[in-house]
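Input: one structure, supplied below.
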Amino acid sequence: MHFASDNWAGVADEITAALRRSAGGFCTAYGESPDDRALEQTFNDLFETQVNLFFVGTGTAANALALTAVNRPGGFVFCHQNSHLIEDECGAPEYFTGGARLDPIAGDNGKMQPSALDAAIARFDPSFVHHGQPMAISVTQATECGTVYSIEELQAIAAIAKRHRLPLHMDGARFANALVHLDASPADATWRAGVDLLSFGGTKNGCWCAEALLVFNDSMAESMPYLRKRAAQLFSKTRFITAQFSAYLHEGLWLRLASHANAMAKRLADALGTHKSVRLAWQPQSNEVFVVMPKTLADRLQAAGANFYPWPVTDDVRGSMEPGEGLYRLVTSFATEPSHVDDFVRLL
Amino acid sequence: MHFASDNWAGVADEITAALRRSAGGFCTAYGESPDDRALEQTFNDLFETQVNLFFVGTGTAANALALTAVNRPGGFVFCHQNSHLIEDECGAPEYFTGGARLDPIAGDNGKMQPSALDAAIARFDPSFVHHGQPMAISVTQATECGTVYSIEELQAIAAIAKRHRLPLHMDGARFANALVHLDASPADATWRAGVDLLSFGGTKNGCWCAEALLVFNDSMAESMPYLRKRAAQLFSKTRFITAQFSAYLHEGLWLRLASHANAMAKRLADALGTHKSVRLAWQPQSNEVFVVMPKTLADRLQAAGANFYPWPVTDDVRGSMEPGEGLYRLVTSFATEPSHVDDFVRLL
Amino acid sequence: MHFASDNWAGVADEITAALRRSAGGFCTAYGESPDDRALEQTFNDLFETQVNLFFVGTGTAANALALTAVNRPGGFVFCHQNSHLIEDECGAPEYFTGGARLDPIAGDNGKMQPSALDAAIARFDPSFVHHGQPMAISVTQATECGTVYSIEELQAIAAIAKRHRLPLHMDGARFANALVHLDASPADATWRAGVDLLSFGGTKNGCWCAEALLVFNDSMAESMPYLRKRAAQLFSKTRFITAQFSAYLHEGLWLRLASHANAMAKRLADALGTHKSVRLAWQPQSNEVFVVMPKTLADRLQAAGANFYPWPVTDDVRGSMEPGEGLYRLVTSFATEPSHVDDFVRLL
Amino acid sequence: MHFASDNWAGVADEITAALRRSAGGFCTAYGESPDDRALEQTFNDLFETQVNLFFVGTGTAANALALTAVNRPGGFVFCHQNSHLIEDECGAPEYFTGGARLDPIAGDNGKMQPSALDAAIARFDPSFVHHGQPMAISVTQATECGTVYSIEELQAIAAIAKRHRLPLHMDGARFANALVHLDASPADATWRAGVDLLSFGGTKNGCWCAEALLVFNDSMAESMPYLRKRAAQLFSKTRFITAQFSAYLHEGLWLRLASHANAMAKRLADALGTHKSVRLAWQPQSNEVFVVMPKTLADRLQAAGANFYPWPVTDDVRGSMEPGEGLYRLVTSFATEPSHVDDFVRLL
């Protein structure tokens, strides 16, 4: 009953097999091999545009480098108050950018409230240097609440970005899970909706270690080869990421893996939704299920072998919680089997 | 005839097999699984001491984080003038440390001349803030010239570090190759000789992507968990590095791989040494062979399919070079076969 | 009717006279002259302890360097949500520290609520690297609301700092104004109450440009000479600051100047307090008076020649404001004359 | 007999008088007062172009901010190997830029050898990210050897900058002294010769503390208001710098002060040049005189009350020095009187 995180899961067979096939022979390092080039073309085809593709080692690196590419002195990045950028990167965005600030934007369901976002940006006056200046907007897709911005919601954010001439970054650590939910093309879900830079995650969805930064805006990509190398994120044997991503994107494997994870989340949510002591914090749209339940119940489940984490209570949930209750996160993955869900529900 | 770099080679079968074995099931992320713990013990046993072990994604990251851990404002790091730190990291050490400076130390054979090192450090006067201050010494083992500091040479550097109360870092991107040459224990070749921090590389010696920073001095390791996470170098599925290193260190695989690479380098050097138009720049002691030869000859070899790089001419070689000659690097690896060497020599 | 800011005022005659006296002859640069040494002794006497004294050019520099001296990777600085650090330094604290984050703490009257501060710090778990880690607490004295922490309130903050083993910094851009209000000794108002580092401002209280960082904790001062020089804050002709501070501290001039400014603020507040359309946002305890009044009234006053700024509405005032009202700041200084106040009140 | 440094001198009477005149009344802070605007016009007139003018606190700040404005990841700044940037700023350029590297360029007389400069830049290949990339050239005028680049020499450097599309910065800590020697207009000596950014120093030439960064290239100035504020270099009471510079530039005071200093240096050099145990290291062209003399003689002079510093021996002087000799620097200033020189010569 492993629902602690999708990074507790292992690796899809197809991906490990690809590594095995790629292990022999000699090839150019640092992203210059024919296989690396072929993968670039795969991304171009997938996104229906010329993509500037940069492998990195972690999602945090992709996020931090994206912001560094659009850095401004005294810069503010506007992102949801419970975003990974703010909560879980130990200051990497600030460190990589040499001190940009993350401005926490409120909003229910893990999504920035457009009016709050707009107000936060409007606070800045170009002639008043003391406050600093806006530099970027970052959305998380799927969100940290397991929800997904609709294309329309994304366009609303992008319109604000455009009005204030700000780059729009998307943290897509769980991009595949979001895309499956949206049932949209990668292009429609990103650059056609106004996204300039995308952290494209594979690790949480069945890879070993495969993360990339996709830059749709060419001018934002110009310095990236130097930014990445300077940040110690340029791998020598890039074949190890190329092999993973090639298998991941081959014949839709990535979407199948994500569909399965989402389906398992739905199975779990549906079962939990009928339980009298448990209620869903938000309606799951990807592979994360958040529930409010009595702490004593959570303790009992964990003692019985279920793995899942307590979660910091968010502003939109706080009001409805009773004393003794806690917020908990359960994450499914490509490796979650229906029996895991059923065992958990039975235990409950 | 692939002698371009050891990172053009693929991956040892044992290591890919270990990944396959490790691909299934659920386990704790971020270095907290039983396998991760077991590997820590393996390192402790290997180095005969309690090692602070930190996985990172690249050798550049290991080097840059090591220096960040011992950072000082206005700090100078003393390292060989042709070191990887200075030549090949696109400013990562300066970036990670927020501006430390690398002080290039002269010396033949890729090794810092102890007297030059001592003089460079002695230049600083603690009461004269304008110059900045010494903060660390870094040696590369094996060196960028394919040579290896003897234990005595290392101790001489360490004595200078000790006298000036400076931490001693070792860039061990090719540590296995050096160790095989020294025929010494890992402990004798590092902390017993005075090394405080070791960048321990596996990638160039048959891994996919396996690098670690080993910190022998506990106080220098204190902030490292935060430094590493902030630098976006904390992997979630650490099993992917743990599996590689476990196989790498199992029953001496790493030393067998390095021995083979070194033997291939010797075979190459021995054959080249008898050729009238080619001469060795330095006597190879690891898996890199540097030769001086006419550029026309090099061009002809490359045109015939041999892969190797021209190399920046160093101070100790410059004087002996004739017009029309160039310096070239040929690198062997675990994957180099005797026939590759023989084909190259035949071509020559 | 100049109430825009205390930095719109000029300079006290005694201070300009001291510059004139100091203009001739030759003396050692960079803080090493006999006059510089004598001033150090003056500070020691004034604070009844050995003070580590560092001149800097701006209050922002003093604040940012104080935090840099106690920097930690992924570090959080806890300070009031409307503090100068957060609102008015264009990211200097983040920039100088290479990415520390400022954690906004709520509290009425410009003062951090101790329970909110404690809760914010308690959120961090040393074993959970993703969140980052606490690194310092900073109080502003006098506050940005014109109020002053009592010694007891300060001690309550210091007790929290001590419990969490965090350094306590005080932004004393208006320290003299606070001290006059507290009627306490400099020692009692700072290090005896638990303050480790003090940004000691003279510019707003009648100097030309005289700011200093006072470090009471010796270990926190160790790297400061290098930190300051690296930050381009080491002046060559330090006599220009020494002369100012010597006159400033001579026979209590600084306290007389601040007393006058505070008295003018009281005169202004007393008069405004009786006006039916104007109400005090907070009870002034230093040289800043914040009022809520109709925007139309403010516009009329400004059109008639009164200089003062609208101010961002704070959380504790927002609830009591009517539509059409605004928050405004009026600042007095050593140069404010009773007639300025009376003219303003008459105009009103 | 004060020849230690021009920053040991005091302040010209006209400048202190200007401060006194400027001390009263109220005026807008942060560079927005009518006097500040008038000074901007003065600079425009003086340089015969629209100048972007930024006051800062130190020459180090001006230099470091100039480089930050043209920063690139993995960037190299090419400057003379004995430049102030490299020798005397405790890593400020690296710190402000977040890790740019200073590339020491050789050259006699404190001037970069154009061919060496060109070769250093040519080493970089845009497709080879590991080395980093060129980002700026910086000249020091007058040089650290007391010499002055002729307009033609400056144009030769500028031509290299242009060919490599690099910004050209001039460290003009002693710009007035250089200008007097060149007998050229400020425009001819800077932007007309190809200079993009100028650190314009007043402190060493009779001001208290008056430094500015002049940016001739508008696009390089765009971010500067934020860069400066973020670096804690935005002063509130800018009148204190405006008053100094206004007097400094009024009716050519700055050139008169510098002419006097240069004349005193010539008087000193002429006298020393005839002494048998002393020889000039370089022919003085500004207000610094460097001599080689026996250390015993230097010790005797210092014991007798002469203030001057020993100086690090440069590459172009080393070869001609005898055992027991040292290199020494003697600096004159606006405050040096002929009798100081004569006393020194007599002592000798």
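Letters A, B, C and D mark the chains as written, and numbering starts fresh at 1 in each.
Throughout what follows, a residue touches a chain if its C-beta (ideal position, glycine included) is under 8 Å from a C-beta of that chain, and two chains touch if they have at least 3 such contacts.
None of these values were measured; they are calculated from a predicted model.
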item	value
Chain located farthest away, centre of chain C as origin (C-alpha)	B
Distance from chain D to chain B - Cα centre to Cα centre, in angstrom	41
Distance between chain centroids, defined by C-alpha means - chain A, chain B (Å)	34
Between chain B and chain C, centroid-to-centroid distance (C-alpha), Å	50
Sites on chain B at which at least two other chains make contact	73-74, 89-91, 95-96, 98-99, 129-130, 132, 226, 229-230, 234
Arrangement of touching chains [line / ring / star / complete / other]	complete
Chain D-touching residues of chain C, taken from the complex the two chains share	2, 4-5, 7-11, 13, 16, 19-20, 22-30, 56-58, 60-61, 64, 89-92, 95-96, 203-204, 208-209, 226, 229-237, 239-240, 307, 335
Contact set on chain A toward chain D in their complex	72-74, 98-99, 129-130, 132-133, 223, 225-227, 229-230, 234
Chain D-touching residues of chain B, taken from the complex the two chains share	73-75, 87-91, 94-102, 123, 129-132
